[in-house]
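Here's the structure we're looking at; comments come further down.
First chain written, first letter: the chains are A, B, C and D, and each begins at residue 1.
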Amino acid sequence: MDALLLQFLNGLDKGSAYALIALGLTLIFGTLGVVNFAHGALFMIGAFCAVTLNRILTLSHEVIDETRTDFLGNPLKVDVPYVYDIFGEATGAAIIDWSVPLAILFAIPVMIGVGVAMERGLIRHFYKRPHADQILVTFGLAIVLQEIIKYYYGANPIPTPAPAAFTGSFDFGAMIGFEPNTIIYPYWRLVYFCFAAVIIGAVFAFLQFTTFGMVVRAGMADRETVGLLGIDIDRRFTIMFGMAAAVAGLAGVMYAPITSPNYHMGMDFLVLSFVVVVVGGMGSLPGAVLAGFLLGILESFASMREVLEIVPGLNQIIIYLVAIVILLTRPRGLMGRKGVMEE
Amino acid sequence: MFGLNAKDTRLLIIVAILTMLAPFILNPFPEGSAMAQFNAGYPDLMQRFVIFGIFAIGFNILFGLTGYLSFGHAAFLGVGSYAAIWMMKLLTMNVIPAIVMGVIVAGLFALVVGYISLRRSGIYFSILTLAFAQMSFALAYSVLTPITGGETGLQPKVLDPRILDGPLAEGATPKANLFGLTMSSSYEMQVGGWLFTFNVGYYIAAIVMLVAFYLAIRLFRSPFGMMLRAVKSNQQRMNYTGLNAKPYTLAAFVISGMYAGLAGGLLVAMDTQVGPERMFWTASGEVVLMTILGGAGTLIGPVLGAGAIKYMENILSKINSDILHTWFAFLPDGLEDLVVTLIYPFIGKGWHLTLGIIFMLVVIFLPGGLVEGGQRIAAWFRGRKAKGSDKDASGTTTEPAE
Amino acid sequence: MGILEVKNVNKRFGGLKALSEVNLSIKENTVHAIIGPNGAGKSTLLNCLVGKLIPDTGSVMFDGQSVLGRAPYEINQMGISRVFQTPEIFGDLSVMENMMIPCFAKRDGYFELNAYGSIGSQKDILERAMHMLEEMNMADKRDMHAASLSRGDKRRLEIGMCLSQEPRLLLLDEPTAGMARADTNNTIDLLKQISEERDITIAIIEHDMHVVFSLAQRITVLAQGTPLVEDSPENIKGNPKVREAYLGESA
Amino acid sequence: MSKTDVSRRGVLKTSAVAGAGLAVPTIFTAQSAAAFTNEPTGSSVTLGFNVPQTGPYADEGADELRAYELAVEHLNGGGDGGMMNTFSSKALQGNGILGKKVEYVTGDTQTKSDAARASAKSMIEKDGAVMITGGSSSGVAVAVQALCQEAGVIFMAGLTHSNDTTGKDKKANGFRHFFNSYMSGAALAPILAANYGNDRKAYHLTADYNWGYTTEEAVRNSTEALGWDTVAAVKTPLTQTDFSSYIAPVLQSGADVLVLNHYGGNMVNSLTNAVQFGLRDKEVNGKNFEIVVPLYSRLMARGAGANVKGIFGSTNWHWSLPDAGTQAFVKSFGTKYGFPPSQAAHTCYVQALLYADAVERAGSFNPCAVGEALEGFQFDGMGNGPTLYRAADHQCFKDVLVVKGKENPTSEFDLLEIVEITPVSQVTYDASIFGGELGACNPGA
């Protein structure tokens, strides 16, 4: 029982990452009708926003420490970040420590910029092209983006720790009456889950309660009619793309402490997030969120050793297996609309 | 000739000549010259050109004709390879049972996957095929290790049973052969500074490719091929014309899977080793890239695309900064460094970047792939020769372009 | 006994009753029109006839055989062809190829794996398709891309494709919708010619009364999912019930 | 025309120059039937450096390449000579190999066996490489080793840690300097027992592929022999990036040690996750919870950041070793590139030198002669103390380092501290225990 609850909580957390990425992907698909294979790359760029801010904050000048030596036996050069000089060592260290949450502020404009540039520069010209072309050109873009990141940041993962205040875990099980140490939950994952919930809620609220959102929703339902009403839907779609990029990017920023960012994390997530979106039903926002959590939780259950003892290797294939079963029983995924992406 | 019309016969003959003379054509630069780096006329790469050509031709039968975008085609290549290597371990190092078994097993696997996946269309179909391929990869890498060799894959070992072969000579290693003719054996010919290699394996693969190509042309021009294009064009009309689209697409899927199996079997015949990465989704993506890059739905496009990508993978990736410096050594020092710095990100380990950029450019500007590029150039030349004399050259053809 | 017998057909979509107790009999070698205001259930009825929808209850018999539960392609093979509201043709194929496909379907059935023989060797098919094109006055357009045809030609092609299968029942779903007057008249003439020259039954769903009264020998008026009246065109014209339910508003 | 198994570009590199000068192209056959594949006949010899340049191990590949370039420089008499000065064998003169200038070609393995073999084949067939070396994973090493066996060239493995490379998949033409899973287990267990006690309950997370299996087995066997209990061993998919669902149940199981049989990105992520779960702050069975990483790599440790502090693991070599060989190597590498070399760089540099030395001693590039010179070769001064290239399986036997994540690193390179140098006697095993057949050396041609 406690083991199941534990995996359920884990799944919620995994699922929130899937849901966030799938949400952005669906926003783009639903509004613009574009299948964006570069979405994983946006997630990756988001994570690298955290890395970049960390690098900026730790920009340093060298101070030679005569008392110690480096690996060649020369006097050790110690890097002293400029923020130490500006804010003093204690505040400076705190700022660096909090670089991941700070990166949210940094990432929002960057990601919106990247998203708008992508839409204006490339995606816009593909609205009327076949889906296959869209998939292919964005796939090419994804390769280019990740290679650029690799060129500047290398191939190895880059540690991007959460603030010290959030390391460690709390004993959730003990709070609800289980034995101590049965259900522990890391603080940062709780943060991530809440963060995801807030973002998902914000996106839904935005679409539900603002005029802008209403127009976009109408556009998702029937693009031509909205266009006929004389509403400049294109401009709104550009903004939507920026927003979707920001959602993906923020998901990436906050994910950085969980998985040290590397250049191919976007591709790692791409396939998975597409499976999530399709299982949810192309173009359905609630479907994307639902499928994200569902697959996250099922994946967690499948990784239990009790399960693996019965079905070895289930953890390797669970996501795909679920996708196949759902697609065969529900032709358009959990909440997909008819006629979307079936041609 | 061969039951083909004049245009197709011409194409087949051109392709045949090109493949037979590939050892010359692909080695245009003399040995030891600075440009020799760009020579591609060595056995392994030539084999890969034709084998991946087969793979792409097969993929194009499905994608180019029916429009169904399979994102898991590498699984059939992988399954074919595993079947082939097991033939080599159990039966004989002769490549024929290996290749035949590769085709059969891949075809059966495609039948199962296709039967299930083709219940859906569009992106749902793509995701289903992707899911099957990813499952195959994940299982082959891990729990199926006893059958697949896992991460390290399978190679023929000295101690394998090989019931049809006689015992190996002391100290000999098992070598893939065709009735005693070893795949890796080559004849070399030196003409002046040039060296040309004629490799047995390459010619066997090339002949198989020509047969596969010929069959693909036949298929394209057959009633079946027309039906597949009808599936792509309008399934609704198809249904209301008394035709069941499903067996047509399934047949195309299985044929295409058998082509992949053939390619997989040949890969093993040329290079007796299989690893699970062959089935990873990026490998499936690669054949999509090849087909689109060359021109989906055209006959020769996929072969060109396969060649272009394999060339980049094998030639571009081997250029390192030292070689660049040698090339530009004639420039003044500062300029040399600048030029090398500018080019360096795109070659060697940056070859993926070049691939991505070229691919994007093709999709943006040449939706019909390299073939369309070729046609445009040809049209431009024709246009200069006889302005406007053949206005109806495009748009009214009854058959897909080659 | 008609060639098509619809008995007690009901169809609900959730709470909405689309068809209730529909009875319809179409006599062989007649032109039978089904008319009715928007939402009367005309399209639902048509979809039940061709296998796209399955009625909740009731029976649909074609020439003594039930069509229920059969896939559209099977129903087509039984001898029912359908012309769509917007012409459904193979846009990526040439006009000639468009015409050949139904000929293949007629000859080889719903599936035939002939991946090796060339199209050029199919003399009978080529002949038949060419013949049909000539009959449709489209022989000069044989090499054109079907997608580049005019709306009227697309309609002609679609009708020709259906006829090449020699169906016993031809179903037309608003065949002149969205057409210019001249095209409409051409289509009327074509259909008239077909019904006169061929051994064929035509069922037509139509809004345009001009088309209906130029062609139909029998008319069924559908209102709110149920047949109001079935009669000859003359009587329909004079029927006050119809006038009230339908013609009054739109004529 | 002559019939050969693979081309011998080496022959032509020189004769081509003469041929090119002829006004009328003459067709003639390569008469000088070579004794072995790619026999170098000119004034230079080509080596093939096949390393991952793209994919997740690209940084390790880049470091390997730096080491090879340095080795070539030293072999050709450039630079300060590095470990050539401390190497116990003095056959190398700094005038290339057997007087031939060393040239090299590079290729990208992409960490895929297919791509690695394609790249190696092009080096052999096109560039005339007489030896292939490099790589950063066992799958690739086994695949390329088998290829070299077929083609008749020597393969000097780069970073490959699975027992299989010199175990069940060993080949007569392949040689490995790097240590393996078995040695990691044998070296680690006593240190773990000494630090954490003999009464421990271990929970293994194992990467679900060959290397993971052999590593888990090695660590299990050696720790269980010292009294540890293995509570559970769970396999994790290679493509996993978030290990939370594998780590969360660890505490529940009653285990008090977590062994992460992961490498590369897997290791970085699983370790980061484990630390995030606060496992190391917990107490189980009255003992402090501990984490162990059997195979450490400094490059990877960097990815895990501060999370490695205090965590035990093993490594093939570390730049902070005090011996003269290490010092010399670190000095010349560090001077050239500005940072210390990784263990991948070290093993590659050593392999290149060992190959060159074996050729000098054998007096021939013939793979069989080189193999003979390497088999049973004992040497010192290469950073790992006295080392033996065992003839029975072509595996190097040398001391193994047990290391620990450093608490107060002075730089981003200074992440590990050496806890103990496990003597070679403790990690030696019988050559037959992993099965496999070395076979006979194949000179090609």
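The rule is simple: a residue touches a chain if its C-beta (ideal position, glycine included) is under 8 Å from a C-beta of that chain, and two chains touch if they have at least 3 such contacts.
Computed from a prediction, not measured in an experiment: that's the story for all the values here.
The pair with more inter-chain C-beta contacts, choosing from A-D and A-B, is A-D. The geometric centre of chain A is 52 Å away from that of chain C, both derived from CA atoms. Remark: chain A and chain B have CA centroids separated by 35 Å (rounded to whole angstrom). If you average the CA atoms of chain B and of chain C, the two centres end up 46 Å from each other. Those residues of chain B in touch with two or more other chains are numbered 138, 141-143, 352. Each of the following residues of chain A touches two or more other chains: 312-313, 316. Shared contact sites, meaning residues of chain C that touch two or more other chains, are absent. Contacts between chains form some other arrangement here, matching none of path, ring, star or all-to-all.
By the definition of touch given earlier, these chain pairs are in contact: A-B, A-D, B-C, B-D.
By the touch rule above, chain D contacts chain A in their complex via residues 54-60, 62, 208, 232, 234-237, 239, 241-242, 244-246, 248-249, 251-252, 265, 268-269, 272-273, 275-278, 281-282, 284, 299-300, 302-307, 319-320, 330-331, 334-335, 339-340, 410-411, 413-414. The part of chain D that touches chain B in the complex is made up of residues 1-9, 12-13, 15-17, 19-20, 22, 25-30, 53-54, 58, 61-62, 105-108, 112-115, 117-119, 121-122, 125-126, 137-139, 142-143, 146-147, 149-151, 162, 164, 169, 208-211, 213, 235, 237-239, 437, 439-440, 442. Every residue of chain A that touches chain B in the complex is listed here, in rising order: 35, 122, 125, 129, 131-133, 135-137, 139-144, 147-148, 151, 267, 271, 274-275, 278, 282, 312-313, 316-317, 319-321, 323-324, 327-328, 331-333, 341-343. Listing the residues of chain C that touch chain B in their complex gives 50, 71-73, 76-77, 81-82, 84, 88-94, 96-97, 100-102, 104-106, 108-122, 125, 143-145, 148, 161, 165.
Those residues of chain B that touch chain A in the shared complex are 67, 69, 116, 119-124, 127-128, 130-132, 134-135, 138-139, 141-144, 281-282, 285, 288-289, 292, 345, 350, 352-353, 355-357, 359-360, 363-364, 367.
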